[in-house]
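Below are the structure tokens for one structure; questions will follow.
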Amino acid sequence: MSEAGQLELTVPSSAENIPLIRHAVAGFLDGHSIPEPLAADVLLAVTEACTNVVQHAYIDGERDAADIELAAEREGPVLTISVRDHGRGFAPRVDSPGLGLGLPVIAAVTQNVEIRPAPEEGTLVVMSFSLD
Amino acid sequence: MSEAGQLELTVPSSAENIPLIRHAVAGFLDGHSIPEPLAADVLLAVTEACTNVVQHAYIDGERDAADIELAAEREGPVLTISVRDHGRGFAPRVDSPGLGLGLPVIAAVTQNVEIRPAPEEGTLVVMSFSLD
Amino acid sequence: MSARAISVLRQNGGASVVTLLGEHDLSTAEELRSALGDASAAGDGVVVDLSQAHFIDSAVLSALIASHREVTGDGRGWAVVVGRGSGAAVRRIFELTGLDALMAVYERADDALTAASSGPEAASEA
Amino acid sequence: MSARAISVLRQNGGASVVTLLGEHDLSTAEELRSALGDASAAGDGVVVDLSQAHFIDSAVLSALIASHREVTGDGRGWAVVVGRGSGAAVRRIFELTGLDALMAVYERADDALTAASSGPEAASEA
């Protein structure tokens, strides 16, 4: 296994940047020789987590740093990808434009998903995948 | 602070048992002198997690142990409540009878929520609350 | 187990009042949907009184949202009472979900009744 | 960035085909909704061809589910193609959500076209 390092990425929170982030993560997965079908699961989960930031984190107006921050790393047989925002914090929405499939998709494809308030403000979603 | 011990509970997965579980947890919170508004948040999260088991875990037919298992413990300033089932495993449903508010309510009121496959089968949801 | 009940009362003023006592969740959601159906079938406005509800969860909210949609979609008034007697979890779930932006929430039952009896416009000015 | 496109083609046989090439997500969801709207407005059945789609997420599924509901609600046929050329994420999200229980999923475009052209009953026997 090659040591393909970590990935850290900060991009403005917008729908147009979602494919960009997914491609960066695809490159990271390639570098770690992570095969299908796991790679597809990782890209699905990353896409859903970023979509949630774009659709839900910053809805209560402009913020200084309306960014998506992603970090990916591999430690032994565990791949961990975290997505954080600086938004309003995790909250249910009765007026959500979505069907509520995002979190369930993430939970279904990950080995473990944690959701918690991020330091200072916003939400941190930590997703783990087992390479075994 | 009194040492009010742990709570472990296994009950059949049915809507009628949801208030029972909530009352057992309310007793546990009382024993640990956990005040409002935190107690209300804990009872909301526990109720939503158990509702999810009843509505989603065992939908693909009868299982040997169609139970809800709950464990609650306090370690210093952290209260941890886990809810597990032996169901089909976490999966999105396009035909969910709900509005998709359950997981978002849990994530909003907890300090941390983890969702992962339970050992052997089913889903484990671990919810933490900070007493500070 | 604490007492729990759902009642439907037809008021003369042009609304039916559904009152929830105690704790409600998935185990009473069907009874609640049927009470809301009865209230709506009376043909006028609908008030849901949660001022004596100690606990409600998202299963209850789903039933309220469906009733709100049906009744206001018909051009009738719909309002809910969340007051001092409402349990902490009741106030909390309304706050978390920002439901007061979607529906008319009142602290006092008589205000809710007045609003729901006079159609959806008044009831959304809560 | 890989190529991505959405096309709408009106077939003589009584259905419009919406074809997704490449990767689709929230960034193309609006374009997709409008393509599905155009296909539906043609008045016959609708086929969504994902056999050249490399990636789709739940934002795409939401658009497909809305289109399926609208078109079949009208008594018209609706079908989707998920084939060998579909990316792993496409097959995976269909499998995860159990979407094949809700909608007619075909491996071959011509089967989907036949089904969607002959109304909702045929299209649900996939």
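For reference, chains read A, B, C and D in written order, and residue numbers begin at 1 within each chain.
Keep in mind that, in the parts below, a contact is a pair of C-beta atoms (placed from the backbone, for glycine too) under 8 Å apart; a residue touches a chain by one contact, two chains touch by 3 or more.
Bear in mind that the values here come from a model prediction, so they are computed numbers and not experimental data.
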| item | value |
| --- | --- |
| Distance in touch steps, counted as few as possible, from chain C out to chain D | 2 |
| Between the pairs B-D and A-D, the one where more C-beta pairs touch | A-D |
| Chain A and chain B, separation of their C-alpha mean positions in angstrom | 25 |
| Chain A and chain C, separation of their C-alpha mean positions in angstrom | 38 |
| Centre distance in Å when chain A and chain D are each reduced to the mean of their C-alpha atoms | 27 |
| Contacts with two or more other chains, residues of chain B listed in rising order | 91-94, 99, 101, 105, 108 |
| Multi-chain contact residues (two or more partners), chain C | 58, 61, 65, 96-97 |
| Category of the chain touch graph - line, ring, star, complete, other | other |
| Listing of all chain pairs that touch each other, if any do | A-B, A-C, A-D, B-C, B-D |
| Chain B partner contacts - residues on chain C that touch it in the complex | 1-2, 4, 23, 25-27, 29, 55, 57-59, 61-62, 65, 87-89, 92-93, 96-97 |
| Interface residues, chain A side, partner chain C - complex | 91-95 |
| In the complex, chain B residues that touch chain A | 89-94, 96, 99-101, 103-105, 107-108, 110-117 |
| Interfacial residue positions of chain B with respect to chain C in the complex | 15-20, 22-23, 36-37, 39-41, 43-44, 47-48, 51, 54-55, 98-99, 101-102, 105, 108-109 |
| Residues of chain D touching chain B in the complex | 58, 61, 65, 96-99, 101-102 |
